[in-house]
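The structures come next, written out as structure tokens.
Shared chain: chain A. Partners: chain B in the first complex, chain C in the second.
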Partner chain A sequence: MSAALRARTADLGLAIALIGLVTALMVLSPAFRDPSNLLGIGRQVAILGIAAAAMTFVILMGEIDLSVGAVASAAAVVTALALAQGYGVWAIPIAVAVGAAFGLLNGALVVGLGVPAFIATLVSFFIAQGVALTLTGGQTILFAAAWFRDLFATGVVLGQRTAFWWLLAVFVALGWLLARTRFGAQVRAIGGDAQSAAMLGLPVGRVRLIVFTMTGALMGLVGMILIARIGNARADGAIGLEFDAIAAAVIGGTRLGGGYGSIPRTALGVVLIGVLNNGLAIMNVDFNTQQVIKGALVVGVVLIDRWARGKGGPA
Partner chain B sequence: MLTGKTMRLPGAIAVLALGAAMPALAQEACLGTAEDLHLSDEQTAEIGERGLTFGFLTNNISDDFSRTLVSGGEAHAEALGIELIVNNADFDANTQLSQFDALVQRGVDGIFLTAVDAGSIGQAVRRANRDDIPVFIVGGAPSRGEVVSVMNAASYQGSFDATAALMEHIGEENAQIAILGIPFALQTIRDREMGVLSAVGAAGGQMISMQSDFSQDRLLELAQNVIQANPDLAGIVATWSLAVNAATEAVRQSGRDIPIAGYDAEVPGYMELHSGDTNIIALSGQQAALQGRAAIDGLAQVVLGATLCDEIITPNLLVTADNYAEMWEIQYPGVTPPWED
Partner chain C sequence: MLELSEITKTFPGVRALDAARFDLLPGEVHALMGENGAGKSTLMKIIAGLFPPDAGTIRLDGAAVAFARPADATAAGIHTVFQELTVLGNLDVAQNLLIGREPARLGGAWLDRRALYAQARAILDDLGIALRPDARAGALSTGQRQIVEIARAVAQKPRVLILDEPTSSLGRNEEEILFALIARLRAAGTGIVYITHRMSEVFALADRITVLRDGRHILTDRADRLDRAALIRAMVGRDVSEARHAGADAHDDVALQVAGLRRGADVRGADLTLHRGEVLGLAGLMGAGRTELARLIAGIDAPDGGQMRLFGQPYAPRDVRAAMRAGLAYVSEDRKGLGVVLPLSVAENIALPSLRRLAPRGWVAPARVRAFAADWMARLGVRAAAPGVAVETLSGGNQQKVALAKWLATDPQVIVLDEPTRGVDVGAKAEIYALIRDLAARGCAVLVISSELPELLQLCDRIAVMARGRISGVVPAAQASEERVLTLAFAEDDEAAA
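Presenting the complex of A and B:
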């Protein structure tokens, strides 16, 4: 098979896999093919989707962010406390600011001090987790703000929950940013070869700082959707999200070494995971088997991607 | 007239019978409930004079059960004049091993723990055994070393009672029930699930779905999917606190009237019951504060020479819309109810 055909296969493979999975589930389960169930998948992947889109930028840049789950949890806790104490609409900028502050810390550690992103974001993970645990004292924080819940998750607009519209907005915005702007091109260039990018005069440090801060701010949004969905906040609310986000980006074909990937492909990865989660639950497949199937899926997609791109490709 | 030989035979039989009965007699003499462990006034005074130090190791401090357990232990230790060293392992078995060894090194008078991993703590327990430091554990016995007792909540009975209340509320044969749980391979979790299955079976219901996860958000998804996939779903049993929250929210968002029973009665569950507008029929509340107190009492009893039974079960509370205020006082003694905040 020619290299060009292999690359084409890689581009279409994920979409074909998704169509195959959806078709199989529709045949196997009447409940799955219910339109309201298919719409429900959209809101269920909102949190994962936003985290995966942000993670795509980080990975494209050749970095990693292990703090996203803890930062989203910390932002969620601070927001819930703000709502419970009557801060009202001010809880929204507070959430974004908390997330952005942790993102800025990540960026400052990586860019300013030269700390590897793996370590820097692990530091933020522990700090964010500590902040969330200290603020909650291990308790579940309840809040009563129906407007907030409607705005970020439970409200219905054009037949779909607001959580889905937030996801769509983030996908469109980040997709445009990555594909249509100079900033997006700089992110790819840095991920492809940071040294060359610096020699060409690209603002490597500034781009890294912006991407980490943007990721943190988006985790503020994730935190808000998280608590709006369930109506409470916990210190461990989004712990583990980082691994799901990385998995979704990788399934979408984002190269872990940086330089290659796109938001639409990550969106396909997110939808694939969402469909799989939904279908397996509806078919009453137990937790352990679900984990094995998802792990096998990640390995399978990565292997196919490597094969399809061959030695000379960008994989 | 009995000969010497005939006289020796009944004697030997009596000795054998006594030997055979000894373990049973010893177990009968042991302290087997939280109430049995209570110290008398004389014992309390004696413990106060001894200047004891106990270690209290928890696998984490981020959940309601662990926090309440520690609070109960700390309050009671202070009342008895016992110094209590509390360490939290944050779910890290190696951290807990280090904490355990540090307590042994320090020569504390007893160690109580909720193990991160009962399998890996065994060697450390043996080191405590060598130094005659009594070890009292929650959950399951370690693979090696000896503990003075294992304390457990009434997982099976608690789940059974809450589920039985749900089934009675549903009141129909072949009612379709779903379990929303946690994927821990622990005996206490299996016991909870067995309690649910028994109660559903006894009421003639049928189990149609068993889903589990560690994340509250993922549990919400699972509950939504199960509700979506089963139009005749008659009830949900959530076997841990976050599953209770998730099931409650999923039912609310679905707009359907699906009753819920749950294991763990925590603040969100109590607030649901207090609201007067909830699908929760019954919750099984673990008495963590009582367990914390019993932990201190149990170690103190051992120091005073008493024997604890192999297992000490603390009863659960069945919390409903009718008795939640009363149950709160028992489950969280001295803590202001959230609806009064």
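Presenting the complex of A and C:
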């Protein structure tokens, strides 16, 4: 089989896996095929989807961000407090600023001090957790701002929840940024070989800083959607999100180590995980088994991906 | 137009440049020569804005300039083809050619894909390069990547073009493309800095020659006022023998037998017999399938068909480890990808394939490893501050020596060397030839792939010529001439055309 054909088969494979999964769940579970459930999946994956899209940029660039869950949680807590204390619409820029500040910290550690991203974002993880725990004192923070909840999650526009529209907006914006802009081309080049990219005169440091900061800012948005959905905030609200985001990106073909990845394919990975989560939950599969199935899925996709790229081919 | 004076640059443990100077006139080809580690690439990287000099001044058109970043140098019209290829394997040819200046609307916010491929197509056609703009760069051969790299620099219409060993992995056709290009640029008034270790190129191309030794300026003179011997003496500081190898006795003991080996369109039924104690050269044009054949022998790729026998036993290595266990070592042409582990130290790199022998019980004794590595560094004349420094800080030619030492040290029974002296200076070449001859004299069977015919003629007992995936002839080196080999290299091309 030719290399190009194999690569296309791998692309198709993901779509086929998704169609197969959906069909199986439709047949097996009446609750799953209920139209309101199907539409609900779009809302459920909003948080994962935004995180996975940002993570695609980070991984494609040859880096990793382990802080996304903690940063989203911290932004959620700060925003809930701001809303509870009557800051009104100011809560929105505050959320984005908190997220962006952590992203900037990641970027500054990586670019300025040369700390490996794995360590730098682990540092941010701990700081963000510390901030969130200190602010909440272990309590759940309640707030009452119906407009806020409608704007970020519960409102309905054209038959879909606003959370879904935010997700769509992020996918479109990041998809365009990656595939259609010079900035996206630079991210891809840096992921291919950062040293060569620097020798070619690309602004490697600046691009890295922007990607980390952008990821942080998007985690501010994730934090807002998170609390808008449930109406309260906890210090551990989005912990664990980093792993689901990495998994979705990798299932979508983003290569750990950098250089390869696309937003539409990540979207496919997100939908696959979303459908799987939803289906397994509806069929009352217990949580631990769900995790094992997800893990198996990641391994399967990575194996298919390697096969598609062929043995011994240049990296 | 470009003038560098009193440039000094020190790295931890090495003074790479010591008050070096260099100047370039518009419309000239100025060759920069010197041994491995003399400081040539360092000087060029300073011009290209990769790092600043510790002391000294750079003047462009009379005005002092300081390039803080590579982008500053390119903005001033200075473009560089670096010794270490910077072509990105995850992008395609067009994206590589136009990287950083992709055609776009709205200030880079909307890339124009169609224009990207159209412009790339135009660049490739203009330079006479037969590559598809949408081919993934990672799938190209080293030589093809080098051509892409050159095309990228030339397409930016440079005022100053720096070529750091541009021909190190080019075949003859590609070389001709490059030389025609240089002639064209020179006529248009571009100043060209040309770094190479190939003497023939220097005298064919250069108007002036500057020699560096140990970071110091030795001489600058018109090329027609220098001869080969004088140039070598200036570079190395002594005379170097370039006599042909006398030719050893015939050997009957077959080490490696290759019969009808095939893989895709690259290797289409190759037959080869390699004897114990002989050095067999493998000549051919770029794209003849030499590296592809070597990769099959080394177990990196699996053949579609054909057989191999190693010392009479059927031999079908599953991977490089299996080939190593069978007693075969392979030094690849692409040292960045397969040859050395850049961030590891010189000592670790050299010891890596020999660890089984150095540490039979799994315990690695650092002192023993260091001594082992130091011995091999001395034998090949690797120039490094210490055995403990990372290979990536070495000059290109010295990295190549490390890649060689690494495999020579395994004491193999059969060794396949793909472009073993790529980027190695004349003095060190002679030492490497002596080492290879010595290895053969001790019974090792050596297969050497090289695009430099004089190298094969000087080093080998016999020369096999490959053309379009097959061996088109084998000649004893003593009776071989460049002409005879070239005729064979083109042989099947003509038959296929007829």
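FYI, the second predicted complex is superposed on the first by the 310 of 315 C-alpha atoms of A that agree within 3 Å, B and C clash if a C-alpha of one lies under 4 Å from a C-alpha of the other, contacts with A are read in each partner's own complex, and residues count from 1 in each chain.
The rule is simple: a residue touches a chain if its C-beta (ideal position, glycine included) is under 8 Å from a C-beta of that chain, and two chains touch if they have at least 3 such contacts.
Being a predicted model, the structure only gives us computed values, none of them experimental.
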Chain B and chain C placed together on chain A: clash or fit? fit
May I ask you to decide whether A:Tyr260 touches chain B, chain C, both, or neither, giving the answer as first, second, both or neither? second
- When the two structures are overlaid on chain A, which partner does A:Gly103 contact: first (chain B), second (chain C), both, or neither? neither
Value for angle(chain B, chain A, chain C) over C-alpha centres, in degrees, nearest 10, is 130
Next item on the list: Answer with first, second, both or neither: which of chain B and chain C does A:Phe287 touch in the superposed model?
Entry: first
Check whether A:Gly269 is in contact with chain B, with chain C, with both or with neither, and answer first, second, both or neither.
neither
One more residue to check, A:Ser196. First (chain B), second (chain C), both or neither? second
First (chain B), second (chain C), both or neither touched by A:Phe183:
second
(message) Applying the document's definition of touch, where does A:Gly252 land relative to chain B and chain C: first, second, both, or neither?
(response) neither
Distance floor for C-alpha atoms, chain B against chain C, superposed on A, in Å, equals 31
Contacts of chain A common to chain B and chain C in the A-superposed view none
Contacts from chain C onto chain A in the complex sit at residues 48-50, 69-71, 73-74, 82, 84-91, 95, 99-100, 102, 104, 108-111, 138-139, 300-302, 337
In the complex, chain B touches chain A at residues 61-64, 66-67, 183, 208-218, 220-222, 224-226, 228-230, 242, 245-246, 249, 253, 266-268, 271, 338
Per the touch rule, the chain A residues reaching chain C in their complex are 3, 180-186, 188-189, 191-193, 196-203, 258-260, 311-315
Per the touch rule above, chain A residues touching chain B in the complex are 29, 31-32, 34, 36-37, 40, 44, 47, 133, 137-140, 142, 154, 226, 229-232, 234-240, 277-278, 281-282, 284, 286-288
